[in-house]
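To keep things simple, chains are lettered A, B, C, D and E as they appear, and every chain counts its residues starting from 1.
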Amino acid sequence: MSAVATGSVAWSRRRLAFDRFWRDFRQHRGGMVGLLALVVAVVLALVAPLFIDDSVTSVVSGTSDDFAPPSLAAPFGTDESGRSVLLMVWWGSRTSLLIGFLAALLSIVIGMVVGIAAGHFRGWLGATLMRITDWFLVLPSLITAMVLAAILGGSTFTIIVAIGVTTWATTARLIRAQTLAVEARPYIERSKALGGGHWHITTRHVLPNVAPLLLASTTLEVASAIVTESTLAFLGVSANKTSWGTMLRASYDFGAATAGAWWYIIIPGLCILAVVMAFTLCGRALEAVLNPRLRKAG
Amino acid sequence: MALLELDDVSVTYRIAAGEVPAVRGVSLTLDAGTALGVAGESGSGKSTLAMALLRLLPRDARVGGRILLDGDDVLAMKWGRLRAVRWAEASIVFQGAQHGLNPVQRIGDQIAEPLLVHGLAKPDSARGRVAELLEQVGLPAWRARSYPHELSGGQRQRIMIAMALACSPRLIIADEPTTALDVMVQAQVLTLIKELLAERGISLIMISHDLSVLADVCDRLAVMYAGRVVEHGPSREVFHDPKHPYSAALAAAFPTVGDPVSRLAPKGLGGDPPDPMDLPPGCSFHPRCPVALDECPTLDVKLWPAGPERRAACVHVRPEQAEPAETTLEVS
Amino acid sequence: QEPAAGKKVLRVGATQAVDSMNPFLAVRLVSTSIHRWMYGFLTVPDSKTLQPSPDLAESWTSSDDGLTWTFKIRQAKWSDGQPITADDAAWTLNKIMTDDAAKTANGPAVENYESVTANGQDLVIKLKAPQASILENPIPIMPKHVWEKVTDLANYEADTYPTVSSGPYIAVEHKKDQYVKLQANPNYWRGKPKIDELQVIFYDNPQAAIAGLKKGDIDLIGRLAPPEFQAIQNDPNIVAWNNQGRRAAYLEVNPGATTTDNKPVGDGHPALKDVKVRQALHYAIDKQKLVDEVQSGLAKPADGSIVPPMYKDFFWEATGDTKVTYDPAKANKILDDAGYKKGADGVRTMPDGKKKLEFRFTIHADTPIEDKLGEYLTGFFKEIGVTLTTVKLDSSKFSEETGVTGNYDIAISGWSVNPDPEEVLATHLCSRRPTPKGEGGGTESFYCDPTFEKLYQEQLKELDRTKRADLIKQMQERLYTEAPIIAIYYTNDLEGYRKDRITSITSIPEENGLLYGGSGYWPFYTVDTVAAPAGGSASGGGSNTGLILGVVGGVVVLGLVAFLVTRRRKSAADERE
Amino acid sequence: MLEARDLHVEFPSRGRAARAVDGVDLAIGEGEIVALVGESGCGKTTLARTLLGLERPTSGSVLYGGTALEYGSKALKAYRREVQLVLQDPMGSLNPRQTVYEAVAEGPRIHGLAGEQEIVASALSRAGLRPPERFFLRYPHELSGGQRQRVVIAGALALEPKVLIADEPVASLDASVRGEILALLLRLRDELGLSALVVTHDLGLAWNIADRVAVMYLGRIVESGPVEQVLTAPRHPYTQALLSVLPESPERVVLTGEPPDPTRIPGGCRFHARCQVLASGRAAEAGVDGRCRTEPLSVLPAVPTAQAACHYAAVTD
Amino acid sequence: MTAPLEAAEPAAVQAAAGPGDERPTHRGTLQYALSKAGGALFSIAMVIIGTFFVFRLLPGDPVRNLAQGRNMTPTQLALERHRLGLDKPMLDQFVDFVGKTLRFDLGTSYEYKRPVLDLIGERLGPTLLLAGVGLVIAVSLGLWQGTRAGWRHNSRFDRVSTGVSLVLWSVPTFWLGLLLLMVFGVGIGPIPGIFPTRGIESVDAPDGFAYVLDVASHMVLPCLTLVAVVYAQYLLVMRSSLLEEVSQDYVTVARAKGLRDDEVRRRHAVPNALLPTVTLVFMRIGFVVGGAVTVETIYSWPGLGQLFYEAIRVPDFTLMQGTFMLITVAVILMNTLADVVYRMLDPRVRSA
């Protein structure tokens, strides 16, 4: 009975938890809309290589007229080199989302480790980590990211690092507060009394309890990373492959606005807006569902 | 004349999962100058009932029935009238006084606030009144300048009482005024309440899950279970000779030190408290009842008379029941 | 204040802010342009031929050995009434020669000066070596009586207004990063300009600048990018100025970078040392297509070298056999013949079969147009079995790699050429290569060719303009055939001005020339505008309506908000408890 | 079995030392239930936590089976198989994200016990949750307060401890359920021979289940002894006051003065500032008032017989 | 923009409210301020040290970087290197750097040939004006809407204002700026371009009150952009913190006292809910500055942001370094101020 049953116990528990979560999440209309948009965006980005490739961003292959208004051939018009804005946006979503996800991941991982450690270990280690976090927290993140990107050169990798390194402090702070809250709960005391060590307590109790928050915070973090990337691209410190930000930069450089090529400005911008909104809505819904403190406030 | 009359009051919370009938048809009367205790376990609807008295429930609660304060139906009042009634005629001391005080306002200002709102004092005369009130609850006047966090739990609870007394209301509703207080402090607060009752002829509704405390302070007792009053009567009698098995269990939960019967023999009630959204049919107490009869799951229990000025909602006190109402109840 | 009725004002938009009003320090085009309008130079390019013509120097003579030059300074006055003397010029030049701070902007121009002395109105310059280009001295002559009081030139902002000037305009106001206001100089020796006031207004955002031109916030804007130009092309109120420009765009092909002691440096591809490969690359480039696609047709394919056709005297154009036309077949043949065999993947390898012909194309990170260029070149080179990958570097790294460390194969470059091309030619001299210690001398190609060196030395000495032009053309031909650089196109000068505001303006050169950013002050000396009408003004119109409407709009919005708030409050007061 | 010897625990607090436990000798015998009572802040929880090794004593030692407790992580882990904890707030002591099964299995997992599922099932049924399988997948919030506390107890039982330390185990439970949990503790003592230290402020509870009671005031045990003796004939004025505030007691002694502050422990008898015997002058009559104010009392030894740390009681007996 | 919504709570708030978080002990306010100042000094020192090393990470030769490809002879380069002290060992350079920074000598901009501090001084005013006015508007708008939205939770006002703020929050600042510039600056279709699109004042700026109007009209679009992106966080934080307060007992007590709805809100709920928001206002100064960089670039606003952008674009590393340090230090000081202000506002944290 035991092994199988234990396995199924764990499994059904997970299912149960997920069902419960899903039931709650479905109550949030905004969250559902966001999730749907998100799934669509991510799926589109993932399947893009099945339909198109890098050549859509190649100026040589851009055959239509420059700044051609939307038409059947190019539903969202063309850019300054006659490339289809639709295809560019589609392909560019891969870079934007990738940077968003990786930067958020980096930021979250640093934030999580530092946050949990700062909350769990009292004494000098926690205090030092907290000081460092506070320091990073007050650094104006966009400015710092700009400086880092400018200094390290604006490759995809550096942009990710620049965003990740400048934004983790918020997460760390949040996680630390949550860790402290969790550690103040009697069940931590109980776990200690049962003989649990640091590792046991952080991984079995603290982590599962901060994980939902981390998830919500990751979602919000991705949203802000995408915006930051586009801002960095716009300010010219990003030398990325085609992303929504670099497209907007190009639309600015090539005077799309004065040329009346509104689609070239509107479309990538709307894409950013839509995806960021989607992440934000999702993140807020997650936060509301998963964070009991906010749950009661709705 | 009855100061407060509850007539078939019911409160239902609407939540996402459905409706929660927190209070189900409670009828009670309170005479001027008397104290009524409401007991019952957690979730039995005591606080909900208290809040309903002054229409302080959140918007998702639906209140039915009539609540007559001096013959005036609270539930039908206009907002203006209701605001005038609040605090000036009936004030509340809340469960968990720690949170009932605004953390960023000075104590004095908070006590004076209802006076100013109801036009009972000018700002300068209010100060004198505040000092007076503080003295009545045994605190020095300079405490008016303190912030809530600078006081201990017992002191805060006394502040709440002083605040409730500010407008000299005729009715005070005290919702678990001593829970979460230390034994010594609890004794202090109870003593204070008893003194005030004796001196001023104020009416009191006191809510607690501690039957012994209520029996000590109140004239009459109402025991609630699953949103209903299941027993009602003079407090000493209800405490020492409960007619409803639930009251009996509650009473037995507080042993008398020195009483050899309870030595090494804790008494309690088996089973789980009912889920208000999924109440058992018939007498809602029957799944936990040690003396339940076969008919209990289907029986429509009512508050039947169970002696002079006493009523109980148990099949064992049903008037047409063959067995006498005075069945002794044994609860393990 | 409204411009006084009848006042003629010209508002020029600039997408660069003035870096310094101190001509010793200023290097940005906008600043040097403004200084050209404010200060006299020894000579000024002739408005027709672009040859040096008298400005503050009325006339000049040189000794036979070409080492001593005597300039006769014109009898004229500074704007404060002081006479202009050779002393002013001597002081200015000596200052640059002796003060490190003063060297910042124009240090190289006096490098070859042995001494400068003044004698009444005579200015005597002694050179270390003959230098034909001495007449094209780029240094504004400053009023000694004002500037000699300046002690710390490096930190001197020259922000006392009105300035003491000798050119057509006097600066009267400068708001940093905002605008510079200049007024006609009544003491100008040629006579007061036709307009009263010249404003240079700074836009950080080029799009806003174009919008400003369209709206009428500014009257003229120069240095447009092709898309910006296209945006104003069809505006009925705007003259879209599209003429040959002074800029040549070219590729630097690493011919085997070396330092001044001829030691190899960097990691340039060995194949590019072979002139055959470089020539083949040249044949593989469809310059017309680049002009059409990258520059939207607003450029001229380069059939010459680095001197653009605008400078007729010095421009050299390949003809006949030397002329390289787009011919991938020929390029392929050259490579085949030279032993660069195509591999299975269609990519050629070195004759020894070891290394593939895979080149990097180094461009600037923030210049999308170069990105585009790179894509086309990649396409072209693919046709001849050469792989090209684009490397983007930020500008500092770019100049480091392409000018000092030699870590590039092919790089993009370009040069805005002055009327005298000496400086741009000099960038291909052996001496410009980096020192062994890794300090750059400003080479554009790491080129070091005895023939080229010889021609350069000859033209330096040659004072006869026609003969010198011939030498310079030979140098260009050398660059063309040896192909350490491959000129791809000469970008057009794209500008726009409002025809309802500017009634006349002469470009430099007069025929197909530049308005803004050209050498000399001609366009802005000759410009004439519509005078501000009495009462309301055309010039302030845009911003004033904006102002009024803006204020009205703001008040309305605030009022609305206030109204809503109060209304809401009333309605909410008794709505609930 | 479990013994505290001259235990002192101090916390730094606002630049002073809060002497939360200030010299305690206490022993819990095999199969014995000891109740520790006292008002809020007197150091009950701190003492309980120190006994479990969750807090390190500033001085003194905790002895288990006669050997002093070591604070290495290995030793502590082994110790905690034998001595277990039940906390006041059953909701808080269960991780809301763990099922009942996991909560109970946590101990066996930490200690790497085999046959986890059987252990969990038997612990649950011993704690009165039957049939255990029905509860495996429940989350704490799906249980009633009494059930939660049973799960917590089951979690402790899963390690088959010898001693159970229960800090206010029923304080947050409904009056009606309270008796059930207490009955469970009694039954476990009978069935498993479990010893227990029950921390409480409720004298009725001590009366209900304890064999011995220790009354704590301001970090020190001021009276201890068999329940019948101490609670029916209290000798220390503090115990008398505590008993007097019970609702049914005839006359009420409400202590005045500030609540005890462990950063400022008064000299002499630590209770003297609030002592009703001293205030009423009875101590003076007995001629001990001077000693009450100045002469500190010695720590009560860990013996099972009734004793009180009081100058007045000492002379009047 | 960059920081996750509502994620960071001010340190002080958590200290006061967070469960398990250690409360600041009751020391004197002065002592508290001093310790905060000490913390700020430490942070500033870290900024200075960090800046030094980060800017030494620059690939390549710093002098070359400074020259940006302009032709310099080897002697000029050597001279320049000596002038910048780059020929000294790292440690000396560091000591030099720290010494100079402490003397407010931020070096000389290569691009402008002027002391960085002077350049910053010139640009400070416009930035303070823009960011200050923007902040005031954003804060008032955000707090006002947040209060209304939170008080009437789930009402239409709540849903609309929260939705709008979320949308604006998700919009990249520069994009919104460009759109506003096109719509209200240049004009599209029937909308006339009524607002100036560049700078802080007209070239022929009038005097007196008209000048104020002129500047105000120049501020409309930049301010609008800045406010649009910034106010959402104030709204959301105010809203959620009010929601939290609404469910507190003292609010019910206030209602039981017979207070009118708006009195309960104004006297009790809002003052409490304001506390975390007040700190947030200061905490997010860095965020506002970040927004200002983009806004100033788009509207040619002659402020610090534009200077910084310029420095990055050139790139002028001395200028970048100086601007970065100044902005960062300013933000740190603001945060310190926030902590102190919070302590003075909240009696729970303030010493007894």
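A few remarks follow.
Here is the rule we go by: a contact is a pair of C-beta atoms (placed from the backbone, for glycine too) under 8 Å apart; a residue touches a chain by one contact, two chains touch by 3 or more.
Here is each chain with its UniProt name: A, E = ABC transporter permease; B, D = ABC transporter ATP-binding protein.
Here the structure is a predicted model, which is why all the values come from computation and not from measurement.
The set of chains in contact with subunit B as well as subunit C comprises E.
Between subunit C and subunit D, the least number of touch steps comes to 2.
If you average the Cα atoms of subunit A (ABC transporter permease) and of subunit B, the two centres end up 51 Å apart. Put simply, the C-alpha centre of subunit A (ABC transporter permease) and that of subunit D have 49 angstrom between them. Put simply, the C-alpha centre of subunit A (ABC transporter permease) and that of subunit C have 43 angstrom between them. Residues of subunit D found to touch two or more other chains are absent. Among the residues of subunit B, those in touch with two or more other chains are 83.
Residues of subunit E (ABC transporter permease) in contact with two or more other chains: 59, 178, 181-182, 186, 255, 260, 297, 309, 313, 315.
Residues of subunit A (ABC transporter permease) that touch subunit D in their complex: 1-2, 5-6, 9, 12-13, 16-17, 185-187, 189-197, 200, 204-205, 208-209, 292.
Residues 58-60, 66-67, 80-81, 150, 153-154, 236, 239, 249-250, 252-260 of subunit A (ABC transporter permease) are the ones that touch subunit C when the two sit in their complex.
Those residues of subunit A (ABC transporter permease) whose C-beta lies close enough to touch subunit E (ABC transporter permease) in the complex are 131, 134-135, 137-148, 150-153, 166-167, 169-171, 173-174, 177, 180-181, 183-184, 217, 220-221, 223-224, 227-228, 230-231, 234-237, 245, 248, 252, 257, 265, 269, 272-273, 276-277, 280-281, 283-284, 294, 296-298. Those residues of subunit D lying in contact with subunit A (ABC transporter permease) across their complex are 49, 52, 54, 73, 76-77, 80-81, 84-85, 87-89, 92-99, 101-103, 106-107, 110-111, 115-118, 136-137, 152, 155-156, 159. Listed in rising order, the residues of subunit B touching subunit D in the complex are 41-42, 152, 182-188, 191, 209-213, 215-216, 246, 249-250, 252-259, 262-270, 272-273.
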